[in-house]
Structures are given as C-alpha cells and as structure tokens.
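Can you read through this structure? Questions will come right after.
Order as written gives the chain letters A, B, C and D; numbering starts at 1 within each chain.
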Amino acid sequence: MYSFKNDYSEGAHPQILEALIDTNMEQVEGYGEDCYTLKAVKLLKQRIKRNDIDIHLLSGGTQTNLTALSAFLRPHEAVIAANTGHILVHETGAIEATGHKIISAEVRDGKLDSALIKSALDAHTDEHMVKPKLVYISNPTEIGSIYKKRELEKLSQFCKANNLFLYVDGARLGSALCSEENDMELSDLGMLVDAFYIGGTKNGALMGEALVICADSLKEDFRFHMKQKGALLAKGRLLGIQFLELFRDNLYFDLAKHTNRMAGLLRKEISQAGYPFLIHSPSNQIFPILPNWLIAQLQVKYSFYVWEKVDTHTSAIRLVTSWATTEDAVWTFIEDLKNAMVSDH
Amino acid sequence: MYSFKNDYSEGAHPQILEALIDTNMEQVEGYGEDCYTLKAVKLLKQRIKRNDIDIHLLSGGTQTNLTALSAFLRPHEAVIAANTGHILVHETGAIEATGHKIISAEVRDGKLDSALIKSALDAHTDEHMVKPKLVYISNPTEIGSIYKKRELEKLSQFCKANNLFLYVDGARLGSALCSEENDMELSDLGMLVDAFYIGGTKNGALMGEALVICADSLKEDFRFHMKQKGALLAKGRLLGIQFLELFRDNLYFDLAKHTNRMAGLLRKEISQAGYPFLIHSPSNQIFPILPNWLIAQLQVKYSFYVWEKVDTHTSAIRLVTSWATTEDAVWTFIEDLKNAMVSDH
Amino acid sequence: MYSFKNDYSEGAHPQILEALIDTNMEQVEGYGEDCYTLKAVKLLKQRIKRNDIDIHLLSGGTQTNLTALSAFLRPHEAVIAANTGHILVHETGAIEATGHKIISAEVRDGKLDSALIKSALDAHTDEHMVKPKLVYISNPTEIGSIYKKRELEKLSQFCKANNLFLYVDGARLGSALCSEENDMELSDLGMLVDAFYIGGTKNGALMGEALVICADSLKEDFRFHMKQKGALLAKGRLLGIQFLELFRDNLYFDLAKHTNRMAGLLRKEISQAGYPFLIHSPSNQIFPILPNWLIAQLQVKYSFYVWEKVDTHTSAIRLVTSWATTEDAVWTFIEDLKNAMVSDH
Amino acid sequence: MYSFKNDYSEGAHPQILEALIDTNMEQVEGYGEDCYTLKAVKLLKQRIKRNDIDIHLLSGGTQTNLTALSAFLRPHEAVIAANTGHILVHETGAIEATGHKIISAEVRDGKLDSALIKSALDAHTDEHMVKPKLVYISNPTEIGSIYKKRELEKLSQFCKANNLFLYVDGARLGSALCSEENDMELSDLGMLVDAFYIGGTKNGALMGEALVICADSLKEDFRFHMKQKGALLAKGRLLGIQFLELFRDNLYFDLAKHTNRMAGLLRKEISQAGYPFLIHSPSNQIFPILPNWLIAQLQVKYSFYVWEKVDTHTSAIRLVTSWATTEDAVWTFIEDLKNAMVSDH
C-alpha cells in the first residue's frame, strides 16, 4: 500500500537527520537560544532580504497560528478567513479557544480577495459585533491553488488601507513558491505581509515552522506568548538545526520542486487519460475526478482521500505528493490507473 | 566551558537517533496514529501494569500541563500547587491563560501534603471564590526533592476523600523513580494518581512527554484538546519512536540511573569537601552552598545557575546532571573545585 | 419623534418601580439570596410546573448566554446556531471569547431544524474539528418568527438522540408565547429543552433574564460561573423583585399580549395598505417592505431601523412594539402612512 | 435583626428611585447612548476636572474589573495586587478566567507600596514568567484602610517609571474620599492613575460603577469589550440616571459622609468601651476585637461577619455602615453592647 494521503507520511530528509546526529552531543543553550537557531534565523533573514524582521521557530501549524494570532489581536478583534481556511476547518477551534472569532468568507478557489474582505468589514459596523482586524490566507490554499504576486499586492494594499493585519499560513509555502505558476519570492512576502510562516513539517522536516513577523507592532514580547502556549521547546536546537539544514543551501526549495514535479507528473498523465480536475491546483495537491469503480480499484494498492462526491458515478480524490514521493511510485500509480481503465468496464 | 545548567543541553540518546533513521522512509499514519506511537502506548501500559488507562504523547512539559489541566477542569475550578511548582513559576501563566487560577501553597521542600491542601480547601468556602479541584505536584519537585510512596498514598487518599484530582508533573520522573531514596514504581503512580506524565525531554529524548490518564472521567475526547492546543504533531511518529526506544528495553531507567549517579558523585564529593546543601535533593539537581569566590572561580570553566544568595559570603548554586553528563566531566569539576580550595584564600 | 426601534426604549412597567419603592428600605441578603429572588424562583418553578429545575436571575441576554454556554461546554465543544442567531451576530464574539466556536447554519426564516443540525454534525467528524455539543435557538427568532410545539419537540428528540444540549434564548419569549400562532406553554419549554431563559429586559423589566436549567448535568456550581463572569449582582433583590412582580399575577404575559396586539395592528393595517412583508413574523417585530420615498417620509416623525434594501425602489424596515407602545402611537403611525400614500406620488 | 453585614443590604437612595420614575416613560437610546448617561458622563468629567478621559458605566465591581483588566492587558501580561485584593480573593478567579495571572503581594494593612511592586518585578525576569503590567489597588482597601495622596503619588511615579498601569478599584471610593483622614479629591485620582472606578452599588445606587479611563492608550474600543463581556445594558439609562442623580448635586459625597459618620460613631464608642481594633480603618468598615461571649450576645439582635479569631477568648468582627444606616440603629447597637458588658461576666 503506497500513500498519496499527505505530505507528512515519511520522516525527515536524511540530510536533516545527519545534521541532528553531527551536532547531537554538543552542549547548547535551551529554548531557542542555541547557536543553530540563531544561525537559522540569520540565514532566513538573508533569504527574506530584511534584517528588521523577527523570526521564531515553532513545532506545527496549528501551534504557530494560535500563538501568533492570539498574540497579535486584542480580545474583541476577529480574523477574516476563507471558508476553506485551515483555522476554520481543521484546527479544532484553536483560534476561538484563545477567544477570537473567525469570520468566514465563502470562496470558490480557496482564495480571499479585497471584495470579500470588504464585505466582511461592511457587515461589522459597531461594538455589538467583533472588530475584524487580521486577514488570514494560506499560500498555497488548502485546496492547492496559489496566490499570484499581483493578488497579494492588492490584498496588502487593501489591508494597509483598512488597518488590517495580513497573515499568511505557509504550511506548504515551499510548494507555492516553487509552483510553475508562481511569480513571487520569499522576499516579496517579507515586503507585503505583516506575518507569515514558512512550513517545514510538510516539506522535509521532522517538524517545524518558521514564523516571520514583519510588522514592528507585532514583534514585542513574542517569546512570552510562545512559552505561554507551550511552544518553546527546551531543546530548541531541534528546530534550529532543521531550518539551518533546509536553508543553508537550497534544500528547502529543491524538495519543494521535487514535490511539485511529482504532482505535475500525476496531473499531466491523469489529464491525458481524460479525467478532469475539481480545481486548478498548481501545487502539490491535486484533485482529479475519477469514476467510482476506478477509485475503488486504485484503493486496493494506494491510500488517498476521497475528497468529494461529484455525481452518482464520479468523485474527486486528493493526491498529495511530497519531498519523499518517488518517481517510481508515481509512474507505477499511473500505470495502474491506465491498466485499470483498459481492463475494466 | 562545560555546562551543568540543565538536563537538556545535549540532543538525544544516540539509540533514539538511530531508530529515527531506521524508520525514516516508512510511510505511516499522521497525528499520533502511527504504528510506533501505538506500540509505545501499548508498551507503557504494560510498564504501568494497567490496560484501562489512556496514554498520549506530547512535545513538552508546559504543553502537557496546559492541555491536560484545561481539559480536566471546568471554568470555575482551580489548581492547588506548591509555591515552587513549575506551573506557578516558569510557564508564563500558561494555566491561567486557559482560564484557571492556581492556588499557591507555601512549602519548604517543594512538596505538598494534605494539611496544606486542606488549608487551601478551608479558605475556599463559596461561589465568591474559585473551587479547588486539582492538586498538582511534581516528582521530583522543582528543587530536587522526591515523594515517598507513603506520602503519595496519603495525598491520593486525601484527594479522593475530598473530590480532588491528583496530577503529577513528571518532567524528571525518571530521576525520581531511580533515586536511591525512591520506593515507588511506575505502576504505583498508575494506581495512586488521576493523571501524570513521564518526561522524555529531560531524560534522553529530543523532546516528548507521555501523559498517562488513569481516571476514567478525564479520558473523553482528549485528542480534541491536544489538537486545539497545537499539541498533535503531524509526524507523531517522532514521539512514538522515541518513547518506544526509551521503554523497549530499559533505556529510560538506565539513563535516569546514570543521571542520578553523576549527581550522587557531585553530591558526595562536594559534601566531603565540607560544603552544605540548600536542600536535601536525592535526584539529579543539587544545590550546594559555596563561597562566592569559589563560585566565581568555577564559573570560569563551568556554566550553572547561581540559585540563591545565602549570606554575604555564600550562595547556593544549582548543578544538574543528565543522561549525557560524563563521569570525566564530573571528576574534572570536582578536581577543579578542590584545587580552587587549596590555591585560594 | 416616536420610536419603533426596539422594545427597550422606555423604563420599566410602573408596577415594577412601585415594588422597588415599597421594598426599598428593607434589609435583605445580597447576591441573589434575598427573599424576593427566592420567591420569584419558587413562583417561576410553579409556572414551569417543575420543581427539579434550577433558576438564576441575570442582568442581560449576552451575559446570560455567555455565562450559561461557557458553563455548559468543555473547551473543545461547540455551539450550532442559525446564521441569524444573536450570539453569532450581535454579541461581539462573547461566546468565542469564552473559547467556544459557533457553527453557523444558513437559514431562511431564522429557525433551525434537525436536517440543518445533522448537516453540521456530519461535517464534524473527528478531533481535527470542534465537537458540536449544544444547539442554540431563539424563540421568537431574531427576525420575529416563532417555533411551533411540534418543531420544538422534533428538535428536542433529535438533540437527545444525538447527545446535544438544546438551549433557547428567550430574550423575547413573552412575545413568542403570547403570539396568536403559538401553541406552547412555559411548561413545554421546561420539558423539551435543557436550558432556556425568560427575557425580562424586553418585556417590561428595567433589566433581567431568568435562566432556567432543566438538565441535571448542567446545574452544578452555576453560581460560581455567574460570579466569575460578573453576573452576580450585590443587590440581587433588583432582579428578584422585578421577576416577582412580572410573574406574581399575569403581568409578564399581559405585557407580551399588549406588545403583540400593537404589532398585530401595524401588521394588519400595513398589509391592507397593500405592502408585503419580508418575513412572516407573528411576534413583536415586523418587517414591512415599503417604497423608499415612504420610508423617508415616515422617518421625519418616527425612528426605526431600515433593515434591508429589497430592490432599487423598496426596502424592508423593522418596526418593534413593546409593553409601552400606546395604541394612539400605532394609529397615528398608520394614519401618517396612509396620508403619505395619498399625498405623495 | 439589624444588619451591619455590608453596605448593600438596602435598595437605593429614594432620590434615585424618584428619578427613575420621573423619566420612566421617556423613549431614549439603548446601550448607554441615552441622554442621561451622556449627561452623567459629562458631569463626572467636570468633577474629575478632565475632559480628555473616557467614562463608562457598568453594573458591578467584578464586571468592571474583569472587563477593564482584560481590555487593558495582552495575554502574557499580569496584574500585581495585594493578597487581600478583591480580585484575588472574592471574584471567583474572574481575572484568571480572562487569561491573566494575578501576582499576589503579601501586605499587612491592605495597601501596596513601591517596594512590594519592585519585589514582584524583580522576581519576573524573562519570558518563562508572566510580565507584570498593571498594578491593582483598592481605595479604601478591602479591610478599610485608605491611601494618602502622597502614597498614591509615589505609586503613580513608580508605575510610570516602570511602564506599569495603575488601576484603582473604587467599590467604596466615596467612603475613602470622605474619610476624615483623606487628603485626596476625585481630580487627584484623575491625574495620578491610568484607570479607576467610582463605586455606586455600595454608596446608594441600585447598582452601577463608573469606570474612568485616563490613559489614552487604554481607551480604544472599550465599548466592544463591554459588549463582549455582557456589560452593556440594553436599558443603559438605568445606570445613567443613577449616576446623574448621585453627582448632580452632592448626593454621592453626602451619602459617603453619612456612612463614615455612622462608622465613626461605632468606632469611637466601641473604643471608649475599651475594645481594640484589628486594623486602623478610617472608612466605613471597622474591625473591633470583642470577647466571644459579647459577640454571641450581639448576634442575637444584629447580623455582621465574625472576621477572624484573635485568641481563645476574642475575635474581630466586621461592622459595615452604609448610606442607609440610621443613627438610631447605631446608638441602639452601642447601648446593647454596653448593657451586655454590664450584665454579663
């Protein structure tokens, strides 16, 4: 059984494990004040091309989102997010648990735009309602679509003009930035948004997300919030070493490119086999619509999510590739799919 | 510079790293439902000698405490803790941040007893005050003392009789259970308390704590709380593999024994050199009281915390040993201390 | 300028003020333990025909909702409400501020039904999402519609079968129970729901809501929650005396009947004048759709909310009547409307 | 049975009830935007001699404290309070329920000073601990002592120098400001502290506290916080009319003076009868130490709190006077006390 269920089925890229081993017996400071974390942070600043930003390493996406958003907002302030947003759907109310409402905006392609945000602002007029204060987007979105630079610029301008913070959940940021359709760089994010995080867990790390705080007003005392939310690891080196390895050379982007290439192969071949897709997703999640009998047959050898029933006979499935997906596995899957098409019905 | 500052200065025991490498490319389930976590949980239940308990793996002590306590308590219920308790002092108000007051009981040796708890209960008489509901103790305590089985039994009985939950923070549980003065086993904890955690971070793991929930009424839906607090790792295998390795044979206890032996050496030699201790601490933290000039001299080669000024001329320092502390380092430290005594003053 | 903006523009029914004066210099217990509160609670139990319920008096609707819901739910549990629900729209995220997500169900007429709730349940499948646990409905709804007994029975059965609490926000409960279309009594609520509140503020009291807790499991320690949320008034008599007065004879229902009769008059006359309504609302809020020029003209003498633009030429307005609305005011308004129709256009 | 238990046993000063009746049938705006609230706020600004302050009317002390402090603090920030502070003892963890730790400072006379605050600051050194940010004092304190102007000035300077907010709980502020030993005016508070509240509930109102926010940085969006915490009354007039009545002429201070005069009489006579006091309390709470047999005898006709056992034979009781305490009642009590002394033992 081979899994295309997600991009965190395997452990870490071997180079990361080696770095852990190489540094293992050195005595370093705890709680993210070790030399590796400091180096990783310095390196990331160079990559983002800003020295006046703060960077903190945390363990996972939900933890990063809840720590950041609760630190950034006053009690009556709310978040605006697409209805597909991870914080709205798959984080067990983590943001609400810190006291903040999330205003859901109905979207088709996973992406927010100024019109949707304006709608939310217009609907919140006085002190009987929460005050929208932070816009949460994901890049790539939870359904694989990505933001173009122009779209992010517009969002950025709109948010600035309306006194809103703009925050990007980058759980799969590598895949977005390495997408064929992408026209942004890490440094663009650093200029356009108030805070974002660079996901490690879903791009080759054992775990780890690098939260980048660009807006000065959001920086103060952030380590207090991390500690309070249980996000300061005693052995912070574990995060520092990983991000150092990912960004020392180009590993982070190499892994994302591989990931995307694997998804691209699947996309192209499935498309050529005549199947449509639920959504245009130029990153590492694809959503082909297949006949149910074919899905059943593929499930014998492969695990993946059946995403959504499309009609009586067909459903969309989700295939996710990762840094660890082998080209062999992809070709075998394609072959199996083609064989099934020939043999059956 | 050699560090006796804490027990998390190094990485993980090499055997753990090897296990991570050996299993690295296997595809497993995410979020703690992988085979390694399941095996580790099964193994821990055997060690605790109860099958009717729930075990969850989390990343760190603060995270474990805040997730557990906020899951266990209703909004008006409070925690009773020794004034030295980690949750009262060193977790940035993490418990209060989930809405719960901690009632502080003044102690001398880091330990709570029934009389102190009764005092707290007696002072909370009606709905104008919080309702004490959970007793938090640490074993070993934050200042290295440990509970004897008889003491824990008394606490357990008192808590049951007074409708209180009893919770043990076991950040350094290995050191307590392997102390020469200890008369308890893991299975005793399983019988006597409502929940406790077995600390991995401070005993050879990269990170990780195993929360054991014994009381049926505290078990329901705990994974929801973990996810909500950002404590469900996508690659839960990282925790499962480590605890499997720690408890597959006897590694966890072997490491703790080594740790304690190193502390014992320091204790014995410093004592024989004529120095008293701030507190009787039969675990891996010791608090010798040294002349300030001697402390200054040791600080040239060693890092450690100066814990507390005792009088004009002397202070207590804290020395912590760990699974990674080498006997060489200990003997060198002792030699340096003795040399300093001879040469100086 | 006469106001049809809401049902809390005037003070209290004079009988209530008299009772406050009559009892003013008596010394009574504080914090809701006074003789008047005790009597009011006893009386309400008789009216609800259950002795095994708990009743608490609070100051306002938002306070009652947030105190009750946060007391009833564990941290990961969520509320299901109609998208028009007061807690979703007009309470500044008060429920989320206590940590709980509200799942919004899109409705047309302000009312929830089992199918909508089932949808919400089906969409929440595991620990990556909140756990729906309490269904919040309002009777009458925020847009004036009311639940029939059969509808409430079905909701009650569905909730019981699905282990959900059913909670009724009764801010305007008097108006619902005295509606011509109503077929329920106070005692039906006591049998069918887990908790509900009887609104006083919007039916003749200076302020005050009587929260009725029917489900045994929700009763424990409720006064702790009230105190913690700032809802225990030192001079609790202020609430007790008012509810005593409202329910000693039939004042509460008499006032609601008058309120509804005034709304009925407006409804009938506006309808006969040829105008449609945005929604069927057989309680004290009506939503006629009028030409914009007519609205403008009425605004010269009357204040009311323009609820919603319907098309280029017409809008729905909201007219609210209360215990204090005079028949004279209603007839004058109708006359003014008719005169405007004749004179203009 | 006559009660000296507290200062909220009776209703409101008759003048307040008359004002409620006189204005009862006027239609006014809801939620604190009515003309009476606006007038009351304007009047209070004149009394405090500052126009650049914000004033909000809330229902009770706990509500005011929790709404203000949670609005003023970020999640990791903590409050410093005397161990006798109302928020630490008698508000059911209301502040912690909003997520904030209260650091308790041990005091003798209910009062904080700079040294105690400095101690708390010194003990909170880094992000592993909460960050002290707001100093909470009560004037008079919970045990009847009052702050002199010089003391408040020193606190104010210390707080400013250390970037701390200074907040005064004025539940019984009238009694403090009208104490014979007082040397402050309302306008001094306006100059020296960042926020304070003027208690109405315990000085003749049915309920109501006027929160005064002096520091600009604390003002923004405060009404959002009020609504979110259930503190915006639909009929806000109820608060506005009361404060207007209390401050239109000199009623607030007249009532406090009467209250203090009654306490003074009791103090003087009990003292002359030879009994000492637990604490020097020049406001409306006094704590005479009486023989237990005498207490028992007084309890036949009077209700009051037995505050604290002093030795085997004597205890301190608490006597509280109010605006409603009659001189007759006081003299009868004194007579009864003297008669008991003669007759007994």
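The rule we apply is simple: a residue touches a chain if its C-beta (ideal position, glycine included) is under 8 Å from a C-beta of that chain, and two chains touch if they have at least 3 such contacts.
These figures come from a predicted structure and were not determined experimentally.
Touch-path distance (fewest steps) from chain B to chain D is 1.
Set against the Cα centre of chain B, the chain with the most distant centre is C.
Computed from the mean C-alpha positions, the centre of chain C lies at a distance of 34 Å from the centre of chain D.
Between chain A and chain C, the centres computed from C-alpha atoms are 43 Å apart.
For this pair, chain B with chain C, the centres built from the Cα atoms lie 51 Å apart.
Residues of chain C in contact with two or more other chains: 75-76, 91-93, 97-99, 127-128, 130, 224, 227-228, 232.
By the touch rule above, chain A contacts chain D in their complex via residues 31, 70-71, 74-76, 98-99, 127-128, 130-131, 221, 223-228, 232. The residues of chain B lying in touch with chain D in their complex are 75-76, 78, 89-93, 96-101, 104, 127-130. Listed in rising order, the residues of chain A touching chain B in the complex are 2-3, 6, 8-12, 14, 17, 20-21, 23-30, 59-67, 91-94, 97, 201-202, 206-207, 224, 227-235, 237-238, 324.
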